[in-house]
Amino acid sequence: MQQLLNTLLTGLTLGMVYAAFALALVLIWRSTRIINFAQAPMAMITTYVALTVIDADYSYWVGFTAALLSGLVLGAAIERLVIRPVEGKPHINAVILTLGLFIVIHAVAALLFGSRYRSFPAPFGVRGFQVGEVNVALTGFGIFTIGSVVVVMLLLVALFRGTDLGLMMRAAAFNQEVARLLGVRVGRMFTLGWALAALVGSLSGLLIAGGSLVHPSYMDSAVVFGFVAAVLGGLDSPVGAVVGGLVLGVSLSFVSGYVGSELVALAALGILMVVLLLRPGGLFSHATPRRV
Amino acid sequence: MLEVHDLTTSYGAVRALSEVSFAAPSGQVTAVLGANGAGKTTLLRTISGLVRPRSGRVLLDDRDLTRTPTEQMAALGLSHVPEGRGVITELTVEENLRLGGLGAGRFRPADLDRVFALFPVLADRRRATAHVLSGGERQMLVIGRALMADPRVLLLDEPSLGLAPRVVAQIFALLRGLVTAEGLTVVLVEQNARSALSIADHGVVLNLGRLVVRAKASVLAADEQLRHAYLGF
Amino acid sequence: MRIPARPTGTTGEGRFELSDVGVSFGGVVALSEVSLEVAPRQVLGVIGPNGAGKTTLFNVACGFVTPDRGTIRWRGVTLRRLRPHQLAGLGIARTLQAMGLFDRMSVLDNVMVGADRHAATGFGSALLALPRSARDERRLRDRAMAVLDELGAASYAGRLPPSLPYAMRKRVSLARALVSNPDLLLLDEPASGLSQGEMAEFGSVLRGLTERMAVLLVEHHMDLVLSVCDEIAVLDFGRLIARGAPDDVRSDPAVLAAYLGVEVREGAASPGGREDNSARSA
Amino acid sequence: GAGGRPDKDEKGGSASDVGITEDTVTVGAHHPLTGVAAPGYSEIPDGARAYFDFVNANGGVDGRKIEYLVRDDGYNPTNTSQVTNELVLKEEIFAMVGGLGTPTHSAVVDFLNKEGVPDLFVSSGSLQWGDDPGAKPFTFGWQPDYEIEGKIAGQWIAENMPDAKVGLFLQDDDLGVDSEKGVRRFLDDQIVAVEKYTSGNTDVAPQIAALQAAGADVVMGFNTPSYTALSQLVALKLNYEPKWFYSSIGSDPALVGSLLARFSEGAVKDSASLLDGVMSTEYIPGVDVPDNPWVQLWQRVWDEHGKEGELTNYRIYGMSHAYAFVQTLQAAGPDPTREGIVDALEQIGSDLEGPPLAPFRYTEDSHLGISGLQLVELKGGVGEELTPVLVTDLGDAPIEEDDSATEDAPPEDGIPDVKPVG
Amino acid sequence: MARSVLLRHLGLAVLGLVVVVLVLESTSAFRNAQFATMAYLGIAAGGLTVLTGLNGQLSLGHGALMAIGAYTTALLLQDQQLPLVAVLLVASAVTTLIGAVIGVAAARLHGPYIAGATLALAVAVPGVALYFNDQLGGEQGLNVFVPDVPGWFADAVYFLSAQDVSGSKYVAYVGWLSLIVTFVLLANLSRSRVGRTWRAVRDDEVAAEIAGIPLGRARVLAFVVSAACAGLGGAVMALTVRITAPSGFTLTLSLSLLTAVVLGGLGSLTGALLGAALLTFLPQLVTSLGLDVGLSDLQSAQLAPLVYGLTLALVILLAPAGIVGSVRARWRRQQERATHDYDLPTTTAPPSPARTPGDEPGGDK
């Protein structure tokens, strides 16, 4: 019982972390139709920014803010300097560019910050609660994680569904040329999309790092599960990303605890395949489009 | 008044426009005619900045637009209804329409109603994703969307494509109305030269990227030799 | 060079029939109780206002849309669970209004794809590039060139479709359908975007085709429809409202009101107005 | 002859002079310098290099400077195979010294033996480096293998906590398998749960929760250091406070302490206290005992020849390898050959004096490394002895006290002086 | 022209073979081993370029398919019964079979969804090796027993070059022979109606379907062919690396393959080979260079990925169609300028600018 509860709870928190990462992917997908493989190393860099700030004896929250802001700037800079030139070319070019970025940022971080483990603080407690006899594997930081991801999701939904800006971002993503003809500043929309995505990405980085260890590859496992979560959800839907993250986090937690941790990735594949076979466009996809 | 001077545009080695010059006077309809591949679409795309000319200039009321980015055109009052593929199929009908206003920096809900009154089919489908629309319905959506921007200059690339004759007549009547009532400037590209000339004030004829004739619409329609040579009727 | 004629015996011996077909999407009734048949070597025109269900009709005939009701019969056989890719094998070809050309393949390759169902060799001989497969390829290529030649597009064989003039792209897409040597050809707005001159040319091409196959033609250009069709069916709001010889249909008041639009010229209220449309929603 | 060969087909002379000249001897190693395994492990070659530089600065070995080539394999056997090809075939190293990792080194061990390249002091506790010298005559292990570590720890717990319910937290590879084998020799009926984690999967909460659910009050972790930190973190989250034992490779207190250095206020006051009471093993003196003469020597070497950064246990580990290699080279005489190296180690391996607390087991029949270790309990970041040095061997070999090597002190000048054998 | 397809490809193959013999016989054992690496990467990349370039399916999981080929090889070679050729064929066949299952699932998916599924595949397969610890050796993997060089082969090579065949040279020969055979077959396919079918499906599904192409079958076939290559590549990899362990088949392998084919030029076999060459030689060259100019081990090690990543980015930015694609495009442009003849075969030209999926002229197709 206790184990069941705790496996569930840790899975939930983990799922939220995947969800955060998936949200960042969804944002870039929605705004530029690109899968950003460099999401993880970008987040990693901003976590190091936070660490540097915190090491300089500023509070956690100063570091936190610095990381988010540097994410914003980094995202915008990468879009303008690296992605912009391949705009209008086949999408695979941009995807491969992000893979290149992945490699480059990794190497640069290892050179800049060294490739040793470093401890990263958490702003809230990392000890679980005790309710009577029952240990509840939910920490202050875990609650913060869940809360912040839900808030980000709601903000994104509001942005895309409810605002003119969101509408213009979507238009730019779906059909650049037409958007441009209609007067949408496509370039700005892309930059904004990347900046926001990188901001959400660095949030996911901070959530993964909190109270744990960081090194240049610490985000790598999030790449796979975050991407799988986003695809599960349907790539276009922020709610889908969060649901995908939760489904994945909880089920993988159970597989790991009750079946075997070596099968975690296989289970992820299994879940993904089952979902995609039933709904080829993910859980929250729209109805199949008219083809002819 | 929209003017182009000595416009030359190439796609790689293919020259699609050669030193084309003409003016589309304000408050009038100028029809751009010519066979397939004559360069009509290229002309409109060059005017709205989607392709950059090799040389030449585009002027709107004496303001040089040659280097103006496409995305600023809408705000300057220039609307371009592209040839086909103009609907953003992933957005809903209403979102497509809203964008028409937003991009130009002037979205008014009243305009929405105006378009819906004009094309009642669209009103029924306002929340539907545009990909469910039929070909003609999409074309209506694109035209309606251009109207949302309340433009001063409207570039129309084959607006009748895929539309039922009744709707074509309706749209042409509407255009005529806007031109006379609000002083709209229209540059109309049409394959169907006869119907285009029936509402146009002026006509220019392109052939292999060169401007070969520029005349009053009535003159063009009457000149049998010209019609046979370039317009095929 | 002419396209090799089909062996007689199968040619057009049979009709294409749709009976009592009904389709709705959510609340939208796109087709209801539509029955049509096309006889061999007949050109049947289908006209109707935008959104009347013409393309949907084609989609039903091609297996892209499964009808809620009704049956499709071809050469006397009822087609159940029809899948689009089976059409070519059944001797039915279709053009797409958007043309759907393969943009990164040469015009010749585009047309050869259409001829694919006449290929006799399989994966194995392709893998090993056996002489058999080379012969086969040559045959397909000749066939494709012949059709391109017939449609006057042979000189574009090596080009990529996006760099072609619009009318030429239309011809390529027609060539791709013709090269499969169908008994029934479905044409969805083949003349849109063509100039008058081209349309006249296209009309004569069409008439030439009727020697070999039946044609179902959806088109908004009445000149063309009236000049090539043996018979015309009119759809409105998913229903068949008229059917008959071109001259009869042209003067049918219901057709005039719904489609041709006399009343616009006369300044009358649009009959495609709101009330009518909402009435369609179930 | 066949294919037009000259008929007499004499294999060329032995390749023993490869990699060695009048004034140099070239050795190589593969280590993960990039990728997930790089944190920590990438420091090992720094230590080795610092000691080789130290020796070179003092005249080298028999007048030969040691050239030390390190190649990155990213802990990927495919890369190991490539870089080993490079080291052996292109750079023509004399010997491989301290190649790291079980799966990685497995990829090249046959190749090295086939090419006759001495493959010394493999940085991994797998048994396969030493248990079958017949098949791998050129390969020598180094650290105590995982099985004897499991045996020694298991026996101590069986004797001192006979009523404890033991849970095992294992890395899912030879580390887990071999250690479990050793532990089960003594604790078979006390074990209530065995949980395995897959390296690279950082979520160990389900495993620790399962151990907690099974009621384990002693948890023995055979894992790498980052998983020590992760398991501690999770235990905190689950309010789980068993008695912890971590194997030597996972328990470097300085490292783990620094990993846990930063929690939120209130959760952990100072990191060392979290690890207080944790049991572990030691087989070479580490940075937690700065007064140890060996550590003082390493500090000196690091200060003189090291790069930026502190002296760490990983660096000490690398230096200890290097020290043993210098000893071996000396033992092989003034004109060392590849075969000579192997002979020398087999003859005097068990008598070599050096930093290890227990002697090597090298003989003609075994190339297994250090024969034992001692159990410690961490107090304030320092290991306090729980047992004397205990030595044993694979299988049911008895566990015995052996302090023969604990008193070894480093030579004055920091450079060993081993007499050539034979 | 059509008649010469086979002859042309065989001619190129013979030429390739001559080059291979010359190169392998004139380079060191270390270079031989590197060429073996290039061969297995090339084989897998060739398969991937067919899948992604010709059929438009983006696979991030080819490393996993290679793992299947490699493990099969390791298992088959444990009791050295089968001749090596048979081992390679069986390894490829087993991968083909599993590839077919995956292909059937993937055929229903699109763009990023295939990417997601294959990405999951890439990380899931190594876990299988851990789960079946006893059969597949767990984390430690399986050793691969490379069969002895057959006498006739050694004799043949000796006859040609008066040199004996070492183990690594033998593997290099096996790898390159496999590569040449694979490439001839792939080139045949790509020039045949099968290749045309794949391209048609890539460019426009609906039109392809109407032309009578069963979409699912075409996609699965492309995946299967590609998997067969990956399996063969994995088999050669097993021989080259001499071990198959989960850590040898990380996601990095899958992603590197993809970068290699794009770098070289998507859809081009020459490009795939070029990409494989870059993957093989660039890191080692850069690391040596770094060490030569006095960087530390660690810095030179980090330099390799850094330079690879930068090369990747630069190529994509400066030559968007990949190296081979861009060279071809330039060559074609020059031809065009020189002759003003637009009727050149232009099957691999980049798509027209500003095409967006979705809406098309006139709306409903």
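By written order: A, B, C, D and E. Residues from 1 in each chain.
Definition applied: a contact is a pair of C-beta atoms (placed from the backbone, for glycine too) under 8 Å apart; a residue touches a chain by one contact, two chains touch by 3 or more.
Predicted model, so just to flag it, every value in this text is computed and none were measured.
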item: Given subunit A and subunit C, the chains that contact each of them; value: B, E
item: B-C compared against C-E, more contacting pairs; value: C-E
item: Mean-CA-position distance for subunit E and subunit C (Å); value: 42
item: Between subunit B and subunit D, centroid-to-centroid distance (C-alpha), Å; value: 76
item: Centroid spacing, where centroids are CA-atom means, of subunit A and subunit D in whole angstrom; value: 38
item: Subunit B, residues touching no fewer than two other chains; value: 14, 50, 84-90, 131-137, 139, 161-162
item: For subunit E, residues contacting two or more additional chains; value: 127, 130, 206, 298, 302, 305, 342, 350-351, 354, 356, 358-365
item: Touching two or more other chains - residue numbers and ranges from subunit C; value: 55, 62, 64, 96-98, 163, 189, 192-193
item: Sites on subunit E touched by subunit D in the complex; value: 28-30, 33-34, 37, 127, 130, 138-141, 143, 151, 154-159, 162, 167-168, 237, 240-243, 245-248, 250, 252-253, 284, 287, 296-298, 301-302, 304-305
item: Sites on subunit D touched by subunit A in the complex; value: 33-36, 38-40, 42-43, 172, 196-198, 200-207, 209-210, 212-213, 225-226, 229-230, 233-234, 236-240, 255, 258-264, 266-268, 271
item: Complex contacts: residues of subunit A adjacent to subunit C; value: 291-292
item: For the subunit C and subunit A complex, residues of the former touching the latter; value: 55, 58-59, 62, 64, 96
item: Of subunit B, residues touching subunit C in the complex; value: 11, 14, 35-37, 84, 120-121, 123-124, 132-137, 139-140, 158, 161-167, 169-170, 173, 191-194, 231-233
